[in-house]
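Structures follow.
Look at the two complexes coming up: subunit A is in both, with subunit B in one and subunit C in the other.
Right, the complex of A and B next:
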């Protein structure tokens, strides 16, 4: 065990963890909006809109994240026509390709989490709002959405942690995130165990923080 | 009843022992299977290439049983050290950096490295001498490096992770470049063709192989690199005998394997086998 290497690589890996957090937060924010949008579509009575939203979550939950990244990064890059459009400005950058893949992926899971949360809201609460003469729109924004978000906190916390670990796949498209830098250090030192232990420790620490923040929020907005 | 049961168990265990002994002389050779024409896979997933065929011949000369196994490039040296296989034949150049952790047989082939761009790139007419030998210190070397540094500044330069090409660009000899590293050479080629990479650095043979197979207008530019980071030819990577102790059984085995490979390469060079295979796979004689 090369302790000196572990100490030396720690600051480099810590810097790289910032990239990981950036990837995670940007894709979670975009993914949350996508998820909310598709969850609302799923509640729509129109069969086409409903099926479309279901199809989206089915495809993105049913295929590996790595495959999605590869299709967006290497796949779309092969289409010559696309390279002449303005879209290429975004798709040319590995960073944005990763963000698009992560956001679409977490969006699909988030839409499922939020949909089930909407469906567990007791009809009595909505009826109570109606009997007080509150408009449907206001009931939706001020009652249903806040309750749904609270209901989905535990499941969403899991999704954040899964996504955090998922960002390690960004290294496959040349992004120097935590895993990317770890691999880079290994390529010159040939010592995978030491470097991956340090990288794994940093991932574990990030999970610890996320887990506790979610637990705190759950307690703060508890119904009891 | 119990007796039969015991007999069966012992005979099974005994047969394992025999199999174990038979296997003791067998060697495993690790290759990447993703670096054509050195080593790659055909459509059915079978390993093919210059080194795969050469490995089989070397084993015949050594009179030993070999199996060739696949290993991702970025885990090649650690896998050798962890005994997943006994030798590396994966287009691995003999460099001082790698010699710190493993040992090499004599070189069997010469890997020529160069930059490549897509047709129409501003670097296409790069004006440099034909060869840049980094071991030669002097006016012309530093002038060529300066030309390259100017040409590459602000460009995205792509290489495979953990290669001599990466360590050269990391060294700062051509200034600070916007370096991007990929897991395989295939991915470098794809991104060079798509335009994500302005320029790539790798073995000339892998660029010409890609250009030929894909029909893409990949053009080799600039000097052919030699010396220093680019090592001293491609050899068989083997564990250092000292890793397990010179006197230990395993250390002795590794030392013997190195000697056997050196002898086998001598034979293959003398009888023209290396040249023959090189011409078959590279189109020119890359033997050394």
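Right, the complex of A and C next:
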């Protein structure tokens, strides 16, 4: 066991963890909006809109995240037309390509989580709102959404942790996140176990924090 | 379409073989995962705190650390670890383990952690009376498990195991970083040599969708078979 290497690589890995957290938080925020949007589409009675939203979540949940990143990073650059538009400023950056892929991926899972949360809201609650003369719009924003968020907290907490692990794939498109730096140190020192312990420890610590924050929120917003 | 032709002109046969490789790695990893689950599920359910702890460390670490990091650990550390064990038996030559073994093992350990949780949940939700009844009937431990607990456990576990299968299938795409020629790696090679990444990665996505779709259909059949009488 090379303790010196572990001590030396710790600050480097910790710096890289900041990039992991940035990737995670930005994609989660964008993904939450995407998820909410598609969850609402799924509740729509129009069969085409409904099918479209289902197709989106099916494709993104049925294919590996790695394929999604590669299509966006390597694939989209191939389209000549895209290169001439403003979008290219974003799409030529591996950082943004990774975020787009993560956001679309987590959006698909989030839409499923929120959809099932919306569907489990008791009709009586909505009817109660209606009989109090509250408008449909207000019922949706002030009653359905808060209840759905509370319902979906445990599942969404799992999704955050899965997504945090997912951000490690950013290292395949040259981003030096926690896994990227860990791989770099392993391939230069050939000490995989030491580096794994330190990098894995940082990941576990982040998992632990996320897990507890979600638990705290669940308690705070519980109905009882 | 000529890009997908079979033979020397297209990538059809290569991608077909790569798909078979993905299926082979997934099944091997799943089986390795089941063997890990067979060891760790009893530890999780044991009444000894120290055995619980060992099993909890396994599932917590594997489920809290990215799959890619685990794969790197095995890829860079796998042959070193085997050479270390071999050197204890006096064998000092260089040993290289192939990418298939490393990859299936890495994915298998990950899949095993998920399977362990699934089996634990399934056993815990079997009615306590079933265990007692098995004991009262005078079955020995082995028979209790195989005749009474296992069939009920399987019925409860299959829906969740199908999730584990999906996760495992998708995780195999990560082994492409070790150079094993499965769907992702073959698409990478084809995309590089034809300069058409959009087509090949999209085709890879279609192949994965096809695999998940077909396997879901098959698992649904199993589910029906095991829930007879319920």
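Going forward, the second predicted complex is superposed on the first by the 222 of 224 C-alpha atoms of A that agree within 3 Å, B and C clash if a C-alpha of one lies under 4 Å from a C-alpha of the other, contacts with A are read in each partner's own complex, and residues count from 1 in each chain.
Definition applied: a contact is a pair of C-beta atoms (placed from the backbone, for glycine too) under 8 Å apart; a residue touches a chain by one contact, two chains touch by 3 or more.
Computed from a predicted model, the values in this text were never measured in an experiment.
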item: Partner chain in contact with A:174 - subunit B first, subunit C second, else both or neither; value: first
item: Partner chain(s) touched by A:141 [first = subunit B, second = subunit C, both, neither]; value: neither
item: Which of subunit B and subunit C A:190 touches, first, second, both or neither; value: both
item: First, second, both or neither for A:74, with subunit B first and subunit C second; value: both
item: Subunit B versus subunit C as contact partner of A:182, first or second or both or neither; value: second
item: Chain touching more of subunit A, residue-wise (subunit B, subunit C); value: C
item: Which of subunit B and subunit C A:221 touches, first, second, both or neither; value: neither
item: Footprint overlap on subunit A, where subunit B in one structure and subunit C in the other make contact; value: 74, 77-78, 172, 183, 186-187, 190, 192
item: Subunit B contact footprint on subunit A (complex, rising order); value: 74, 77-78, 83, 88, 92, 94, 172, 174, 183-184, 186-188, 190-192
item: Complex contacts: residues of subunit A adjacent to subunit C; value: 58-59, 62-68, 70-71, 74-79, 161, 164-169, 171-172, 179, 182-183, 186-187, 190, 192-193, 196, 199-200, 203-204, 207-208
item: Touching residues (chain side subunit C, partner subunit A) in the complex; value: 60-61, 63-69, 72-73, 76-77, 80, 166, 170-171, 173-174, 176-177, 184, 187-188, 191, 195-198, 201-202, 204-205, 208-209, 212-213
item: Residue ranges of subunit B in contact with subunit A within the complex; value: 74-75, 77-78, 81, 97, 101, 158, 161-162, 166-167, 170, 180-183, 187, 190-191, 194-196
